[in-house]
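Sharing a structure, written as structure tokens. Questions coming.
Going in written order, the chains are labelled A, B and C, and every chain counts its residues from 1.
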């Protein structure tokens, strides 16, 4: 009850923090999409390079996000700025997005590619008209995972000066204001679930009916 | 340089041990809770709902670790024990998910023939379902272990101790070397858990081949 | 015309070439079937024609032009390509799948549309019903039909087919084979057809190229392959049941006869009495020569009801197309317990009948003359 009271009393501030939260992950996702999809496409036929990059990506995944922030802020040029926060989020999106692009492009049925080649489609045409559309569901799933993950990791960016829902948790803990912490926790959880749900809806709308109808 | 060696020699061992203990307790309890839960959710009575249950678990998995810690803070309070409970709960989902997936993906023909030769339901579970689902369950435990190692660092916020202490001290005092050492040790621990558990799977694969 | 001269293909780490010094010519408008055990080089040979695989040495030319002179993609735009797994694009509708090559060639929208409709008609799929379906809504046979339509979309003069009917059930396969042969009779493409099934080779091929271990063993007409195998390998590959295989080679068009009397539906009964002395049965036709059925003349005369002979017409449960093989005819006879089956031309008009004795004597004659 007291949590609800806290929420209502501070609704303006909370709305503000939520918007900041969304803004940060949107910004990071734009960069992540451009960077990791391009790289995923570039490395699609270079297995050794791809395995190397995927190794790097999974090491990044195993580093606690809070310490990536901690390291980034000490690098000149990054510091306690939004750049550090965005950069860290982009790094964490590497594995889910790049890996899914690479795997999905390579998983397209060989006979389909052969048919396309046999019909005289150029490499670029095969990539854009056949491989990418067929890989799209898997790529989208990767983006969805990355986005939901970003909601959580962005929370920790409050320790390097970002203002977002994580602030409620951070300040709540230092002030031992439990209603504030709970409000923050619940809102972050809800935001993650909503983002996931919205992505699921978009997924249904965007994917070619030829790819998800039961045969 | 000296400072780094000092940290590694005097502070790190204790914190690594603390971290390891927190993770091990949380992971073990997560396994003992999640596997039976997963098995339960695949039993005949609940089977019609298993798709929905998996969907719910999938969504729940998206809830960020800090949010989980924050939500339980109000009810459990601050300290060592609450951190372990929060970590354990956070680690439950991947294991439960994979237990369900592993068991429901078993070829129905195999189960039918197991029933056909007269195995009781419990026998089928212990001798057929669990062994066949084992690699998938281990994969879930791997995911869970990596998550718990990483989240344990954040659990320092509610007084867990461990490598998180090193990382947060580094951030608040602007001593990147502390953060980096904490991060590397924590990443190493995650990798060791992942590889160690993965090697169990590889050994089993060899046995079957 | 496709000419293959001294073509070899070597792969690294293999002790013998996948294809070795192949010389062969496929004439304009002919179906050449490459057949042989797996690993004999038949598929490799075919894929070298559209440069999916590049030959190590030798020259392949189409209509006198070396294929290396073309840009590989340009070359392929002019060659139809059908593979066993079909390779339909799952995210494209049937229409979009067939329209790929015409669109790549820059055809106008309405021309593409009318071509797709035309092709769907050609492969016996209702355009309105199927055009906007996705491949996963089609049966295996339908997918294969769309695959053939897609390959023919831009009127290629050359078509490559890699086990095109291998993935469908035997009944559908037989049907697709017959339809394709009827189609080929009209469009006369130069076709390179790969299969491992000698029966299919005999049925489909104007010429058969039997390959083994990367080498061409015999290149000849189906008749000669059947009756004058060049060596033991061919003899074994063809199998010991040659007489049965001949059934697959011969078409009803070559043996059917119009020996049975015909009578127009509704015509004067005086004809019936005329027939009475010569024949037991008569075929009943419409004015436009469409088949109505047959009558048992004896029975009609016995019943003394000659005036109303039209009431005694019985219909045929099954008819044969002019391109049906003798095997189809035999199967139809056995399955329907009939001794005589009418044959219809492409417009479904009656042209004659086949019966069991005709098949028997014809196969016997064929066997003797070719052996001599």
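Criterion: a contact is a pair of C-beta atoms (placed from the backbone, for glycine too) under 8 Å apart; a residue touches a chain by one contact, two chains touch by 3 or more.
It should be emphasised that the depicted structure is a prediction, and the values quoted were computed from it without experimental measurement.
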Most remote chain relative to subunit A, going by C-alpha centroids? C
Tell me, please, which two chains come out on top when C-beta pairs in contact are counted per chain pair. A-B
Whole-angstrom distance, CA centroid of subunit A to CA centroid of subunit C, is 55
Between subunit B and subunit C, what is the gap in Å from one C-alpha centre to the other? 61
Whole-Å gap between the CA centroids of subunit A and subunit B: 22
For subunit C, which residues are shared contacts with two or more other chains? none
Contacting residues of subunit B [partner subunit A, same complex]: 59, 62-71, 73-74, 78, 146, 149-151, 153-154, 157-158, 163-164, 167-168, 170-171, 174, 176, 179-180, 182-184, 186-187, 190-191, 194
Complex interface listing, subunit A residues touching subunit B: 3, 59, 61-71, 73-74, 148-149, 151-153, 155-156, 159-160, 166, 169-170, 172-173, 176, 178-179, 181-182, 184-186, 188-189, 192-193, 195-197
For subunit A, which residues count as touching subunit C in their complex? 109, 111-122, 125, 130, 133-134, 208-211, 213-215
Taking the complex as given, what residues does subunit C use to touch subunit A? 50, 52, 73-79, 81, 83-93, 100-101, 104, 134-137, 147, 150-151, 160
